[in-house]
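Next come the structures, one after another.
Consider the two complexes below, in which chain A is the common component and chain B and chain C are the respective partners.
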Partner chain A sequence: MMEQLISVNDLTIAYPMADGEIFRALKRISIDIHRGQVVGVVGESGAGKSTIGKAALGLLDENAVIETGDVSLGGNSISGLSESEFTPIRGKRIGYIYQNPMTALNPVLTIGEQLLETIETHTDKKGKSARAYAIELLEHAEVTEAEDRLSKYPHQLSGGLCQRMVFAIAICARPDLIIADEPTTALDVTVQKAVLDTLKKLAKQDNIAIILITHDMGVVAEICDYVYVLRYGGMVEHGPTKQILTQPKKDYSRELMAAIPRIDKKLARFAVPGGMSKTGNRQRALDFLLDREERSAIAKGEPLLSVRNLSKTFVTPANVVSAAKEFKAVDNISFDVISGETMGIVGESGSGKSTVGRMILGLHTPDEGYQLTYHGKDLPVAKSRAERLELSKSLQCIFQDPYSSLNPRMTAGENITHAIKAHGIIGRTAAHELAGNLMELVGLQRGNVRKMPHALSGGERQRIGIARALSFRPDFLFCDEPTSALDVTVQAELLNLMKDLQEALGLTMLFVSHDLAVVRQMCDRVMVMKSGQVVEIGDCDKVLVNPDNPYTQGLLKVMPRFSFDEAR
Partner chain B sequence: METAVEQTMTSRPDKPEPTKWKRAKKVFKGHPMAIAGLIGVTLFILTAIFAPLIAPQNPYDLAKLDILDGLLPPGSRLYDGTYSVMGTDALGRDILSGVMYGLRISLFVAFTAVLVGSSIGVLLGLLAALRGGWVETIIMRAVDLKISFPGILLALMLLAIFGTGVDKVIYALIIGAWASKARLVRAVALSEMKKEYIDAARLAGLSDFRIMTRFLLPNSISPVLVVLPMSISGAIGAEATLSFLGVGVPITEPSLGLLIANGNDYLLSGKWWISIFPGLVLVAMVLCINVVSDRLRDHSNPYLRAKD
Partner chain C sequence: MLSFVLRRLGQSSVLVLIMSILVFVGMYVVSDPVAVLASDDFTEEDRIALASELGVDRPLIVQYFSFLSNVVRGDFGTSFVYNEPVLPLIVERLPATLEVAFLAIAIGLCIGVPLGIYSGLNRKKKTTKTISLLTTVGYSIPNFWQALLLILVFAVWLKVLPASGRGDTTTLFGIELSFFNLDGLRHMLLPAINLAIYKICMQTRLARSGTQEVMFQDYMTFARAKGIPRPRLIRRHLMRNILIPIVTITGLELGGLIAFSTVTETVFNWPGIGKLLLDSIHNADRPVVVAYLILIVMMFVVINFVVDVLYALLDPRIRYT
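Showing the complex of A and B:
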């Protein structure tokens, strides 16, 4: 039997709110962790999973109140300790790994300085021996060329390497427990697996317990031994990973699993509630949207948009100290988007996939020598406002970040219809009516029209973003990672909605994502991009199942996955 | 954690948004100094507005003045039987009435100059951020040029060229007020420009003017609103300085600065009240405005820290 290391007993944490109400971030949560165990804490944002980690470190916000229960480490309660009593525990007995390694490291100090400082604080190693230990730690954390890296600054290293540096700092005092708060969320899929493997190896090697806080069931399946599922601060269920994955008892756990996009098989819809509204109310919006003007006689199955020899070079202008720098974001790519299909573009961050879309939308000017044909006509380059409007009516975009894509000083309804009102397409009262109709179509209550964006959740905001794009009655939607900022269940609901809309309205979509599984679920054809170039292009059934190109094969291989059939 | 709290808040059934009045009350709650400052500012503004109704004497009406009342100390009885709380000056004008009318001029000049100047600055700052390129270069170099000049020297030069008068002082102060606002707004607007809602607006084919007024302006204006009271107290001080130096408002429309200058010659002969009372009022008013604006700035501190 393994020794019990940390236990959270019946913990309730409350925040008194400004309006006199009390918000409970955690409700009677109990968690036990043994040495050498990797425990996953899963839940959507707002589930209270980060609060557990903060409670264990004594880093709760000042206004937090522990209503019931406590946290004990090795049998001693630590939840009532003062700031100074916590200091020897932090770092020494409990390490913490942050979500974004780029912001967790101090940008003006070298990796070596940061690592050595921690080592000299927490261990009795000084000077040369501290340095030797630092190199040993980095090698432990699978950092190549460890000695060289010590003199590097965080911005000179990739996200995956930075996260390994954070690992090294976290394990330097040989803590009993490491709390990893979404350690791979900020990283590309390709490095995610390697980083997780390192973490798991460290846990087994030094017999360290790990609490892995994540929203991603795939990550849990990859490395966790035991899982706790949380929702709204309450415990939904817990059990060994295999049991939760294969025989979840609660509906919510089942939903959480169903919401994970799978790579092996394309499903018609995710098995989660949500999607286009099923009520009769949606008909009004649908009638409006289907009443759009016919733009050309391009039949289903013919290319609606043709892209030829598209390139984009970003130039950093020369200044006193350095010459002009050129960066080729997109390098001579060509593809067609067929009317009525969903075309996917996948690639890691920096592969130029969003830039392609922004050029098609006219937000970037491409390099000379390209040809963009849309509805059988050249896309206008120097656009007058009339031409711009004509294009806006047909070509719209769903943006990546719902938190910045809505004007924070306009109501939700105003955000949806402001532009078409400004163009005089629709009058004031009709606009108000339309905003309500569109909201119902995308699955929101009519009453939300008057709410300001900050009063809505990320998923709700993204629905507003979709409604805004639809208000122009477009026939082509460019979707720029529309769900990457959202929880997996919200993502599933939104993807269902987009599929419903496409079916009902006959939309053509260009769908950019870094997530192969999402593309697999959404798209008919896919283009794989790497450093601005096209690696492979073809049907999803082929490219994402049995790819020819070694790069695509590599991408597929590192995807965290677990056997879904086992899970059913 | 913030996001967690926020999200659960939104998932709760509808709560009425706090009204503007409630939010304003919260800013000052628990800050007695700021509340005192706010009361002070209100009193000064009311006094300035209603000066003709409450002042014991109209200092502009020469028929009402009596040379025999000249240079009386505070509390003296005047020739017409009334008392003078703050004493009189050499011409027999009641200092209290002079201060009330002076407050009017000082506040009017400062408010007009700062509001007009800030509007120009905000407009130019937004334009610079929105258009970029040579428009931005010209505007921002003009800002640099303005800021590299000592403000009071610039105002003195302008007044020396244009001559004196209330309107000329306002022009001089406007020229002093716009540049810092332009720089502040441009910095905030530049970070707003990178957000996707601006892309969405461009994609919708909206005009630059509409993007500027409906999208950029409401999202970039907050820091300017916070520094506005501070600018007003600065402008009051600058106007007083100019008037004291004799290049500000004319003697027929005395502001606080001119009243202080009036008594300057008598200070050493023991007639202290002529300068001291307008001076105290000036100090008290600037203090009140600064206390209030400090509170406003502290309240929005995280915002300023993030954006400035």
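Showing the complex of A and C:
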């Protein structure tokens, strides 16, 4: 019926490890793709998804060994080709959209050079006509001021714009196949929608085949015709999208879907294992945490933190060509966080949601004229060391990136207790004991205390981050996108854990996220922000289900839905 | 940018001041110019006369401040030994040293960087292992001994290159240069090679580690995925990214070569400033040593400034405020 474009036959790729073991990134995988078809490859990190894309482009690491099978393009095997034989295929016949747009572009070359060199290599357009074509491509990708952007460097553009540049580079030679590796993971929902629409259009109008590598079932439901589900390098199942989504044969596919936070109804817990450790002895840590001193007489239901007229203006200093620029990141916002609740802040990147949190933590100084009241006292507290320590004991933070927020030279245990040791709250032996207790509480083995962060997975590291925040026995946690760098199943486990902890400890949380569904699952009330201003504030059940504000309505509309009937 | 330049200038004047004090005190402690310059048959009166003629009979602090006030007026003093103003004495010998230093750096870059990139790209090849072995050897050979070997091989056995002296020079804008005539170039070659061997090894290692690091970056994988031809990939994408550490080290090394090529200049009897410094320390010729080191400090400041400007040109993410 349709022309078979690329097929992966029985492919096994192995990496010899340092200890003589062999790690197989892919095990006997077969995939077929026709022109005009959008094929999804789904799985968690470590499933071998990206390896398929790299194998098709000859970009595997030097030590990778193809044990069985091959990849063939248009009937010819391409897996044995040398680097120089692969070069004409790359970009020309197979375009590649890289996972992280911020690192995919060379930081020291202009956007224009990186786009033009690709055009000049693969098409007969040179010089001026190549430039005109580049501008046309960018305008096609809805990049404003395209001509001007060509002279910019990657760090001068936002993630969304960089992603469109990567897009333009991938499609400039009109390839037969595009491999898109997590093309939307780093993007806001509105941009994600635009990217997915473009991909869909490319497949339908230009008859280009697309392999979409993702961990997000929602994205799959949105645009894929056919899905392959991978786990640990092996094929779990495959079939037309509708069949996989509605009648998955394997438990794992079902689990993957259950782990996706739903926007339509709030669940008590996600249907995946994870949460507080059931095996370890968590009572010791809980006793320790519940033994915290009462900080004030604020009853449940009263505002623990109240924010009035909070603003933050960032100033870009003047330089030779332009005058100083002011940028209002947060513009006169007011809200309360009630004791014992979880308050969510949602918004796209650049909406100022993280800045709000950073001002509450005292990491940024707000503009004059604000009032922050916490535990009945005005922030920032008086300059005395003891009072500041008192505040940081009560107000702790969980950061976005579990990879960079832990000190790589300290063991997991030291990371957890370093700060309280530094404040002299606890001695060496007690700290060691506490680290172990807290690790059991957050669902890690006690023995991991001595491991270095690099030996732990992203989810495990974020658990360490949570344990670290808890070590102070706080009653308020500020969570800045705590799961956005993690796989869906890991995210579900962590969110379960945070819910368990909140229940057990009666924590108050301020939860920042760009993911509406996560906020829906985690929060009692939510504040929607746009360009530094509050758009809407209220109960999640209302704001994220039946919002009054058109902006929130728009956000909800562009969200990918994983439940099949709603998407189509 | 302007405030950056001004701040840099302020910092370097303090540096120069501290340097001059250190050298002044150091030279005072180490040797006595009267003892070195006086002949055996000098009487005590002759010695006192000589000391007052040189101005070294005054307290050190007085000497220092009179030196400072002269420097402000552009006078670095008069050499005890040559009895000439110090500045022309140094400047006259500078071109010889500069020529050899630049040639050595150029050889180091032209051979070292390509070798390093090659080894970084082909980590498993035999040639890479050979290169790695050779750079280790090149690093470890003592400079003077290597100089003697070069003389032995090229001047004594093969008789293709002269062993010492500067040879013919061409005068250009009043400066004597060896660069523009064959005899001068031939004389320059052995000292330059002697200095360059260490630089080649260093640049090779720098370029190799840079290449290995950059090749694993996402943007290199993506550039390969775009189907960019290999030569362009290396020339634009790789080179631009590994140049920053190379530029840093090259700047420091150039300064080092100009200031402290003393051993090489001595072995090859090359009339540069390194040799002047050695002689002056030997003769307790304090004005020359002090002026020389102050000039060297200023030179390092200029070189580092140029390096910083090059950074900003090479990496658009760096901007000075």
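Keep this in mind: the second predicted complex is superposed on the first by the 480 of 568 C-alpha atoms of A that agree within 3 Å, B and C clash if a C-alpha of one lies under 4 Å from a C-alpha of the other, contacts with A are read in each partner's own complex, and residues count from 1 in each chain.
In the analysis below, a residue touches a chain if its C-beta (ideal position, glycine included) is under 8 Å from a C-beta of that chain, and two chains touch if they have at least 3 such contacts.
Remember, predicted model here, so these are calculated numbers, not experimental data.
K.L.:
So in the superposed three-chain picture, is A:I89 touching just chain B, just chain C, both, or none of them (first/second/both/neither)?
P.N.:
second
K.L.:
With both complexes superposed on chain A, which partner does A:I169 reach: first (chain B), second (chain C), both or neither?
P.N.:
After superposing on A, A:I169 lies in contact with chain C but is clear of chain B.
K.L.:
Pick one for A:T118: touches chain B only (first), chain C only (second), both, or neither.
P.N.:
Only chain C is touched by A:T118; chain B is not.
K.L.:
Now for A:T103: first (chain B), second (chain C), both, or neither, which partner does it touch?
P.N.:
A:T103: touches chain C, not chain B.
K.L.:
With both structures fitted on chain A, tell me whether chain B or chain C touches more of chain A's residues.
P.N.:
B
K.L.:
Regarding the shared-chain residue A:V315, is it in contact with chain B (first), chain C (second), both, or neither?
P.N.:
Neither partner.
K.L.:
Go through the superposed model and pick first if A:A268 touches only chain B, second if only chain C, both, or neither.
P.N.:
In the superposed model, A:A268 contacts neither chain B nor chain C.
K.L.:
Going by the contact rule at the top, pick out the chain A residues touching chain B in the complex.
P.N.:
So the residues of chain A touching chain B come out as 15, 17, 19, 23, 25, 45-48, 50-51, 54, 61, 232-233, 361-363, 385, 388-389, 391-392, 396-397, 399-401, 404-410, 418-420, 422-423, 447, 452, 455-458, 460, 465, 468, 472.
K.L.:
Taking the touch rule as given, give the residues of chain C at its contact with chain A in the complex, in rising order.
P.N.:
Per the touch definition, chain C meets chain A at residues 1, 124, 217-230, 232, 236-237, 240-241, 314-317, 321.
K.L.:
Quick one: in the complex, what on chain A touches chain C?
P.N.:
Residues 57, 59, 62, 83-84, 87-92, 96, 98-100, 103-110, 113-114, 117-118, 121-122, 153, 155-156, 166, 169, 173, 317, 319-320 of chain A touch chain C in their complex.
K.L.:
Spell out the residues on chain B that touch chain A in their complex, using ranges where they run on.
P.N.:
1, 3-5, 7-11, 14-15, 17, 195-197, 199-207, 210, 214-215, 218-219
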